[in-house]
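For reference, the structures are reproduced in the following blocks.
Each of the next two complexes has chain A plus one more chain, namely chain B in the first and chain C in the second.
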Partner chain A sequence: MKTDSLVGAESNGHAETEALPALDEPQVAPRVRRGFSRAQLIGFGLLLLMAALPIPFGDFGFFVGQYALVYAILGMSVVVVTGYAGLISLMPYSFAGVGAMTTGVAMASWGWPFWLAALLSAVATVPIAVLVGISSVRLKGLYLAIATLTFSNALGETLFKWDAFTGGQSGWATVRPAVGPVNFNSDIWFYVLCLGVVFALLIMIEGLRTSRIGRAMLAVRDNELEAQALGINVYKTKLTAFVIGGMVAGLGGAFLAALVQLVTPTGFQSPIAEATSILLVTLVAIGGMDRAIGAFFGAVSLVVQQQVFQGAEFFYAFVGIYAAAVLILFLMFRPGGLVQVGKIQVALIRHRPVLGLAIVFAIVAVNVGLAWLFVSLSS
Partner chain B sequence: MSLLRTRDLTLRFGGIAALDEVDISVEENEIVGILGPNGAGKSTLFNTISGFLKPEHGRILFYEDQINHLLPYERVAAGIGRTFQHVRLFRNLTVYENLLVAQHRHLSSGAFAAMLRLPGWRKDEREAERRVEEILDVVNLRPWRDAHPSQLSYGTTRFLELAAVLSLQPKVLLLDEPASGIQQKEVEALGPMLKQVKEERGCSIVLIEHDMGLLLNTSERIYALDFGQVIAEGTPDEVVQNERVLESYLGRTRRDDLART
Partner chain C sequence: MITAAPVMEVTVFGLSSGAVFALLALGLVLIYRTTGVMNFAHWAIGLIAVVAYVMLTGLGAPAEVAMPLALAFGAGSGVLAYRLVFRKVSGARQIIVILISIGVAQLYASLAQFALGFEQFTRLEPWLPTGDMQVGTVAIRASEIITAAVAIGVAFVFLVWFRVSRAGRALRAVAQNREAAMLAGIDDVRYSSLAWGIGSALAALALLLVLPHSGGEQGGLITTFDVTPFGTLLIPAFGAALVGGLVHLPMAMVGGFVFGLARELMILAPKPWSDLRSSVAAILIVVLLLIRTERFFASRQELEALE
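Up next is the complex of A and B:
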């Protein structure tokens, strides 16, 4: 609103200030990315808020928060593969498994420090991503989904049953990392660490979006023929998305290993691996597919819901039904997920503050009310 | 030396010959028209030249080099640009982003440079933005910079597609019915614009067009296709006088109409 008053009497509201530049306007210099835009500052603010969010809930808050953040990392792999490049891969959790197990074997068996193990975890996914990518990235839609599901199953039967890699039934014990005197062993510090990693990845994945390769991915997702006609190597672009997605998931797997501190292979075998992969795709669909921040929103909403209602026994089924209903509504009316809802709400609040805020309040009230109802009924 | 040449280009769909021993050649800095009724094989010819379809036999020569083995994006890199009969573009990207995508082959930074925001990525982005800002002014699309293609008129999306393909800096431009579905005023602007593109950029244009006025006034040479065969070749005047062309495409009754155009 401040900008409006600065423009002064000539301007009469948003329409003027946001008007498109006139045709005869002298050529604008290319935008130089220095300093931070308003959107970025709002992002910083939101993240600080997120950092403080678990505080009122104490240890439980940080425990749930860590899960949400690790799932946000895993979700960002889905953003690259499915959101950017439009490839429906149902094996992100298998890549997370490769990362988690690599971290396990490197730390427990070879005595590597966490940071080195995490780096190796990201790299270790590359050969598998290339192998899977070469053989199936040319498939379309449903067929690719089935192929990746099969690969997930196959990895569960081979790699995740190879005792030298998985540590057998007992798995690997991992230790949470330390940087000099700061030990991230406690839930609070590990939460802060994960927040930092998520933030760094947000910047990286958003950076990818505004780059030659990232735009090629968006183009391939929208229209493969036109992408080819504009000189894009569709196959290589898809493969790149698959490899980057695998690496992000592998890194997420390393943090998953540090989070649980004991990695066993059963979680990466059928059917848990497939179910968790589908969950990851779902949470990104809720959060917003084609924005890195969508993975964050989706992970927070879904993991918080899951963890909070873990003990809700009978009513957990209702939670599931509610979540499914919300997902279906999102896919039908808001394919852009929470990111899109947020954008629409912000625009609405700008033009009709009372109505906009009332809707936000209603959404929050319904959800908190339902949460309270489920929890109180089951205890 | 021809810029682009096809030799005995043949492609059958089932038993039907979409292309039957097609020989065409395009010289440098020339506008060539392709004339023919629906199903004559015009778009198939474009799809084969641009690598979207593989010919059964026959050769495609670009600067006298055979390019049959090149994939579509490699032919773009070689200098063959094309548009589609139905405008495609990227529906979920803005006009600006659509044009940025078209800068792909002029840039070089990789994915990791972008993720780590290295100087190479920064340099690339500035270069791409500078070029696109320039193009926006050239094609008068600046008012729609942040609009999505679905918000534009069909004619404007045609110009956007043309701008995107032109930013590939092709040596030869294959335009598949650029005037279809656009307003008469825009059709009239298209002819001079194509000639201007040819003059200023020194690029050849191959034009499939059903708008006879545009085709005859713009092309320097015309090939007439029917049933996948070249049935006539020559200047616009020669081709419209050709008996086979009149029979297959124009119909004898329209002969007098045409004489007036």
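Up next is the complex of A and C:
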């Protein structure tokens, strides 16, 4: 029958697979050396630049900024599990919930200080991560996605409906931490505190990438059989990724509890509700899955909009559509996320400085223009 | 002592919710087998059809007319998703495809939210008779029985059609070996689109059977700001699909009834056990995942092609 369409489809399929700058191109193994690479330094520089973003917006800027930073901490657990080890987990927010609830119980019910509660939160996720890991780590991609979705639902139905743990409908009241004379109660100081935590975690998770276990994770992600042939214990590696990811999410959950100051279990009960695991996976995919800084970029670009438009129904729904469309387009054409786009941009600036800087300027101008438009429309 | 009446009632409830899971699972398996995409956006596509139904009945169309139009709209949005997005990423890693389907789910759910406006609740007009029906000694809501009957009928017709018709055989050929099917002159994109269309229409039918009748006489209510919990329908549907190893259509249908009946019959269990009702789907899914059902239904070669 239709030979032409057949050939067309064939060549089409070919061109498309080639056009995809897929993540699965075997990546150059990270060099092992002390200190930071230039890319990492550029990333940290950008981070410092972006950390100053809320200053012109005053209190509101810091209020929104602290949300972005807490979600950046949560996003880093996705970076470890999905970005480094290639395990698709649809339950990072459940781990965050365990962390948040543990902090709530410890602070409100037992009267623990925040730092001890946060430490306990990170540890509390370990048994669950091990349990989930042992039963599902042998599953391949798709089956693992279904399994984690199911676990997330099961935890929502059992653990997050257990009143002794969640405080029932009223939840737990928490207070923001203090170190000696410095009290992190105000939004500005809590923002600064979160910034410090994000910075420390960035260094740790970037360091993990080049460490022995991190390189094992990357090897397992790229080719399981090859990794096994190299003598890597695949299951142990995956389990470690799960546990580290769970601990980071638990710590993030503790900061989430301190951020909202009143933790209720409702958000953790449904696995596919908005602003949950799906949001975390989305923001990390947009930011760049296999770099710690990707979680930060993603959080800044998504959570800020979400918080700003929270009250405005029309804009809020619009942000949902926009975020989903951006996610789809990024995954189709730039699976490396904003980090990959940034790399391309840096290369462009190096080779054709005028054009590259013009593009950067255009992007900044469009964003500032839109922000100005929104502010003038809403006031 | 358990009497006959609640058993009867609970069984009918189980059959009707099982029928809904079966329809969802059939769509999931059909799409997965032909295009290799495990569609996490399945519920959102069904939701789009529900929104179309709400809008049409809101414009004054009778429910009998709005129903097929909404199904067609659901099928159309599924085909659109395939043509615009999933066809372009057939070579990408599975993890990327799963994330993309989550993105599509978010896109459709946000669009649905947008289209429904921002009312607290949206009322759905029922399109099946809402009265009670006398079965033996118990009165059971007629829509429950009709839901089970419609779903079983549709699924049966679909399975026969898939087995004997020319288009059905072409679909099976694409599912088994895409390249060989293409060499035999089958237009794979056309038939993949057909699979997405049928699968999405089944999802739309499933949601349209449940939602407008959840509240009896008054029709159904959906909370607009909270459309996402429909996603939890997808978990038993995944479980049902797993009964057939994600590839076997009749077994996926059986699986739907297993999950529906298991969930409802748990109500009858003695007290400490009936609390497990909400987790029974999760337990079943873990068991199914651990025994790796796919190896009973597909050859190694087929599974490798799907990955």
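The rule is short, and it goes like this: the second predicted complex is superposed on the first by the 308 of 379 C-alpha atoms of A that agree within 3 Å, B and C clash if a C-alpha of one lies under 4 Å from a C-alpha of the other, contacts with A are read in each partner's own complex, and residues count from 1 in each chain.
The rule we apply is simple: contacts are C-beta pairs under 8 Å (C-beta built on N, C-alpha and C of every residue); 3 or more make two chains touch, one makes a residue touch a chain.
Remember, predicted model here, so these are calculated numbers, not experimental data.
A.B. asks: One more residue to check, A:G231. First (chain B), second (chain C), both or neither?
C.D. replies: A:G231 sits against chain B, while chain C stays out of touch.
A.B. asks: If you stack the two complexes on chain A, which partner ends up touching A:I344: first (chain B), second (chain C), both, or neither?
C.D. replies: neither
A.B. asks: With both complexes overlaid on chain A, does A:S135 touch chain B (first), chain C (second), both or neither?
C.D. replies: Touch partner of A:S135: chain C, not chain B.
A.B. asks: First (chain B), second (chain C), both or neither: which does A:R215 touch?
C.D. replies: First partner only, chain B.
A.B. asks: Is A:E157 in contact with chain B, with chain C, with both, or with neither (first, second, both, neither)?
C.D. replies: A:E157: touches chain C, not chain B.
A.B. asks: Pick one for A:M204: touches chain B only (first), chain C only (second), both, or neither.
C.D. replies: first
A.B. asks: Counting touched residues of chain A, say whether chain B or chain C comes out ahead.
C.D. replies: Of chain B and chain C, C contacts more residues of chain A.
A.B. asks: Using the superposition described at the top, list the residues of chain A that contact chain B and also contact chain C.
C.D. replies: Looking at chain A, the two contact sets intersect at 20, 23.
A.B. asks: In the complex formed with chain B, which residues of chain A make contact?
C.D. replies: Its residues touching chain B are 20-21, 23, 27-28, 30-33, 203-205, 207-208, 210-216, 218-219, 221-223, 225-234, 240, 244, 290.
A.B. asks: Looking at the complex, which residues from chain C come into contact with chain A?
C.D. replies: Interface residues on the chain C side: 38, 40, 85, 88-96, 98-100, 102-107, 109-111, 113-114, 118, 182-183, 185-189, 226, 228-229, 231-232, 234-235, 238-239, 242, 246, 278-279, 281-283, 285-286, 289-290, 307.
A.B. asks: Quick check: in the complex, which residue numbers of chain A touch chain C?
C.D. replies: For this pair, the touching residues of chain A are 1-2, 5-6, 9-10, 13, 16-17, 20, 22-24, 82, 86, 88, 135-136, 139-143, 145-147, 149-151, 153-154, 157-158, 270-274, 278, 281-282, 285, 313-314, 317-318, 320-321, 323-325, 327-328, 331-332, 335.
A.B. asks: Applying the document's contact rule, which stretches of chain B touch chain A when the two form their complex?
C.D. replies: The touching residues are 50, 52, 71-73, 76-77, 81-84, 88-93, 97, 100-105, 107-111, 113-117, 121-122, 124-126, 128-130, 133-134, 137, 140, 142-146, 164-165, 168.
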